[in-house]
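What follows are several structures.
There are two complexes below, and they share chain A, which is joined by chain B in the first and by chain C in the second.
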Partner chain A sequence: MRFAADLPPQWHATVSVGGMMRTVLYALVPALLAHVWFYGAGILLNSGIALLAALATEAACLRLGGKPTAPDLFDGSALVTAVLFAFCLPPLCPWWVTVIGMVFGIGVAKHAYGGLGYNIFNPAMAGYVLVLVSFPEAMALWPAPDIGDLDYLRPDLAATLHYCLLGSLPDGLTIDAVARATTLDSAKEGLGLMRTMDEIRANPGFGDFGGAGWEWISNCIAIGGFVLLLRGVIRWHTPAAVLGGLLTMATLAWLLDPNTHPSPGFHLFSGGAMLGAFFIATDPVSSPTTARGRLIYGAGIGILTYAIRTFGSYADGVAFAVLLMNVTVPLLERWTRPRVYGRAG
Partner chain B sequence: MTELLLITVAAATVNNVVLVRLLGLCPVLGHGTPVGAVRDVSLATTGVLTLTAGLSYLVDQWALVPYGLPYLRIISFLGLTLLVVQGTNLALRRRHSQLPLITTNCAVLGVALLTTGASASFAGALALGLGAGLGFSLVLTLFTTLRPRLEQAPVPEPLRGPAISLITVGMLSLAILGFSGFGA
Partner chain C sequence: MTDPIAYDAQPRRPAWGVRTPLRKSLSTRQPILVAPPPPLVCISLAQCPGGAARATVAPGQRVLCGEPIGEPTGAGRPRFHASISGQVTHVEARLVAGLGAPVPCVVILGDGTDRRWPGYPPDPGADGRSSGDLQAGLAAAGLLGLGGALFPTAHKVHTATGAPVLLLNGTECEAYISCDDALLRERAASVVAGGRLLLAALGGQRCIIAVKTDMPQARVALYNALQACGDPRVVMSVVTAKYPAGGERQLIELVLGREVPAGGHPADVGVLCQNVATAAAAADFFLRGQPLISRLVTVSGGGVARPCNIEARIGTPVSDLMALAGGYQREPRRLIMGGPMMGVALPSDDLAITGATSCLIAATDADLGPAAEEMSCIRCGDCIEACPASLLPQELLVATRAGNAAELATLGVTECIECGACDYVCPSHIPLTRHFIRAKAALAST
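Up next, the complex of A and B:
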């Protein structure tokens, strides 16, 4: 993209789209390694399929729109979308689910709105919400993390590949032997059955805060998020507001009755909270540009996530919350427009 | 009281009149509402919806059901809707030369018809109307502020205008599915 040079003084921005996307990817590496450690190579497989689908969709859309393919195709934005999308998917996931999500995310949420820089909705979250709503069963298939207990079978690479390509596990393995309810699911189901949080937490799938294993992935995501903060790729307002909003709601409810509400730490280290706060909500295109706008936007995501987790029928609400707040961005920017210097009001 | 609050919240979110019931799309998608008028249109529509919902419940319970005339619902609610809308337009004429599009808002009749199936009491009908009005106002506000952005973006030629607006409504309907289970 070319901008006409305006009057000096000018400041040369050393950041490019490609460089920024590379930094985001490097920041995701620790979390990716942790994911492979606990859940096997499924996420790498899903990322690869998502990337192929994303690149193919992007190339097709650019061609259809008569735009030059090369610079936009390889700026890394499709790669980041694909990896973030793969982080939402369960490690055992049929290939066509991944492809449908990415074709929708890149084709509709990004290119129908004019491509990179114009999308109103976060493409990764749009793709994930579509597959979550359309294929709830496929999205629930989380294998047990490798945390040292022996009573669950873990699918190896061959079994993961088999399931991904053919949609079934090899002979000798069944879904029930492999899959386990995530901690968000167990908490929701247990509370629905009038169990107390102490009883629910007796499940070995629970770790110190969130799910055993998953909380370490969340930690690694947060470390990546701090790297992004230090490198200046993201600003502190959005992540702080997302986590603050979620934490405030969770703490208030927990102080009212710790038996029927999961602890604030559980909310923070479960599901997509960390990924949403540091990597999704901070998307520079689909989040507000003003600092106050970002604070309201982030707090909205945190509060909606808590509300959907607590009152809704879906176990996690981060993706829905992000899409719902995406659409408020023009309104927030209108409200929080900075005062023009030298004028009242 | 909790029940009434749940009815209102559900009507504004899970059963959002625009995004889930697909009523009142015209004023949301049409280019008629300027940003400055959004507040007045929202207030007027919410008032009209609440009033119509309550009145239709009364007409239904006092006149139509006792005499076994439920097949007259559409025609009688249509008359009621027109009365309320015209009354509101007359009452508000001093502020605006005319309030655009309330008269063509199918949400008014739609919500009136919904009250007959969904409400167990007069207060419930009012809560449903209020929630529907809040949900409509929310979507109208969001869309009106969103539209300039859609118009400035290099949206592919075949998708310009109503097409991209409808896609956006679809995306928002998808997002609002996150509220499923609310008020249950």
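Up next, the complex of A and C:
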């Protein structure tokens, strides 16, 4: 009887890039639901726009590069990039801002460097930083979360759509009525005005640790992160190092003077710390592959995030920290090569 | 009180490696099936690495079972024996299982009598003989490393003479393969006796027989055999069922905590490693006067009706063994010789088995899972965790594609043991090991 000859190995674990990306998306579902609970459907709208822009850009780049569109177009990586990007955007966000961010993230940060697997920078972070520095007003417009306060005015779906498509709110709603400074902004501004943290925290927007509402989204992101750990999609080194680096810096400063430094808990549950630790810094393509490399890389992101939040002009620093550490990855890889079995150290 | 038979208190657990489905119980439900002498055998004279043996028989000549048919052409090469009695019909180059090119073979048409050649009398007092005598006996028996490498045992023992530790490998870490497990379950005494003979041939001090956590019956049988034997120099060690814990260097690292230097041999760290089946074959030769004419072959997979372990004559066509195991069912997709990790898919079942044929898998789609499309490396690093040699497969891949020989050497591609663990875990389904095998060959040829 005849058979097809073949070289080993003859089989394969049931893992795939698409499967990993799907797991990442499932892990983001709790945080997405929390986001919708506190901020309305804006993130879903932004995700959808970002996904369309990402897929269109990816298809165009693959076509330009003379590569087949399948399977790369449908490996799920564009969807993950789009959703992570949408997590960075304010729920009220004009559509062209989203599109510009994704076209840059996918087209330049990802495909100009060779596509999935070759990009130096995390595409979602590259897109976010581009729109953050290009459209500061749009990025500063965070509506207040729905935390049950009486004077809360939630922009409904129609208002969100109106703002998204036209860049303005419908008649009867003003930006000032729905927007509120994020807690990271309040802390930065307040400390700049020589207020103490206790005075700043009297603001009703503050919750137990970070921003009211936002800290619950952070919790959900962390839950998703643990799902990724348990499913073996990510390893513990990077998130532990990011959070450890941020926590170490924040704790040292806070012990020095708790009046002029936000608490470690505030740093951990505010802004992009959790998302960065579990979903951004763990992006395999733009992070180191060795365990020691991941520890250094993650610690670098945590420390830089703290430094940018404290000394920089932006309220949050996760995206900048990630991009800065992305640059160091080739060097870290070279430094942290393990000793080959049987060879002298 | 410590157990005098157990070498270690806890199973040895590797940091590297992969867990695969094992599916060994498919073929261990029934006892070893001793195959009757087949009507025809085709015995390769080039089973071990290096040159082929010179045929000492001619077409038309009658041979007895166990009679020498090929003599070594160089130092350290083995002798080959007729595995059935009958008449030589061809001495010519043929394809055999597991090799891509034809090799010199002796084809024997059996006469059905299975009469034995009387040239090797049993030697019950063999373990009292000198190391040199025993090594000469191993060479006469034509013993080959039955773990799969088929390295001539006499030569391997000779070059390691004086190494204090003999490590007998019964770990069999690949899926489906259960011939060492079956051997230990049913013939543990033979393994222990062979281990003592190899230890005497080596001039060593201690024999450690390594088995795995997932073979409880074999462990009990071996334990009882060791107790019955009562030789305090022979002990057993248990390692975790993880692939490739049974690799020679990996097992030495796990059991003894020693690292074989790159480019070196286990003897450099005072160890000789042999498969348990090789030890049993040594006992068969010295105590029963039987040279290497047969081996245990696992026949398994969803594509065969009655998976089992068969004691088969070397040179038996694969199709005969498949028939003994009940024949094919469910349209097998591949016919694999060896395990699914390192085995090759054979083009046909009319090829003859060699001493390296530990396992034949008639693999269906359900056995192997769906074929997957290759995608770009996403640098997830899972291959690094899997690699037992602490290599960086994803960087080796880049260097291989770039044809960067210097970088390949720096990254240590020569230390790749071709186990396939990196391929197995790769979410992008990149055939890494094939790249590395080619890169190693290219480096070796420059």
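Methods note: the second predicted complex is superposed on the first by the 332 of 345 C-alpha atoms of A that agree within 3 Å, B and C clash if a C-alpha of one lies under 4 Å from a C-alpha of the other, contacts with A are read in each partner's own complex, and residues count from 1 in each chain.
Convention: a contact is a pair of C-beta atoms (placed from the backbone, for glycine too) under 8 Å apart; a residue touches a chain by one contact, two chains touch by 3 or more.
The structure displayed is predicted, hence computed values, not measured ones.
Look at A:A126: by the touch rule set out above, it reaches chain B but stays clear of chain C. By the touch criterion defined above, A:M20 reaches chain C but does not reach chain B. Applying the stated contact rule after C-alpha superposition, one finds that A:R337 touches chain C and leaves chain B untouched.
Shared-chain residue A:W11: touches chain C; no touch with chain B. Within the superposed three-chain model, A:T290 lies in touch with chain C and out of touch with chain B [touch as defined at top]. Applying the stated contact rule after C-alpha superposition, one finds that A:G115 touches each of chain B and chain C. By the document's definition of touching, of the two partners only chain C reaches A:D72; chain B does not. When the shared chain is aligned, no partner comes close enough to touch A:V227: not chain B, not chain C.
In the superposed model, A:I308 lies in contact with chain B only, and not with chain C. According to the touch criterion, the shared surface of chain A, contacted by chain B in one complex and chain C in the other, consists of residues 115, 118.
Chain A meets chain B in the complex at residues 64-65, 108-109, 111-115, 118, 120-121, 126, 129-130, 133, 304, 308, 311-314, 317, 319-321, 323-324, 326-328, 330-331, 334. Listing the residues of chain B that touch chain A in their complex gives 141-142, 145-146, 148-150, 153-156, 159, 164, 167-168, 171-172, 174-182, 184.
Within the complex, the chain A residues that touch chain C are 1-17, 19-20, 71-72, 75, 115-118, 235, 284-285, 287-290, 333, 337-343. Within the complex formed with chain A, the residues of chain C that make contact are 18, 20, 249, 253, 259-264, 319, 328, 332-336, 338, 340-350, 363, 367-369, 372-373, 375-382, 384, 388-392, 394-395, 411-412, 415, 418, 420, 423-429, 431, 433-434.
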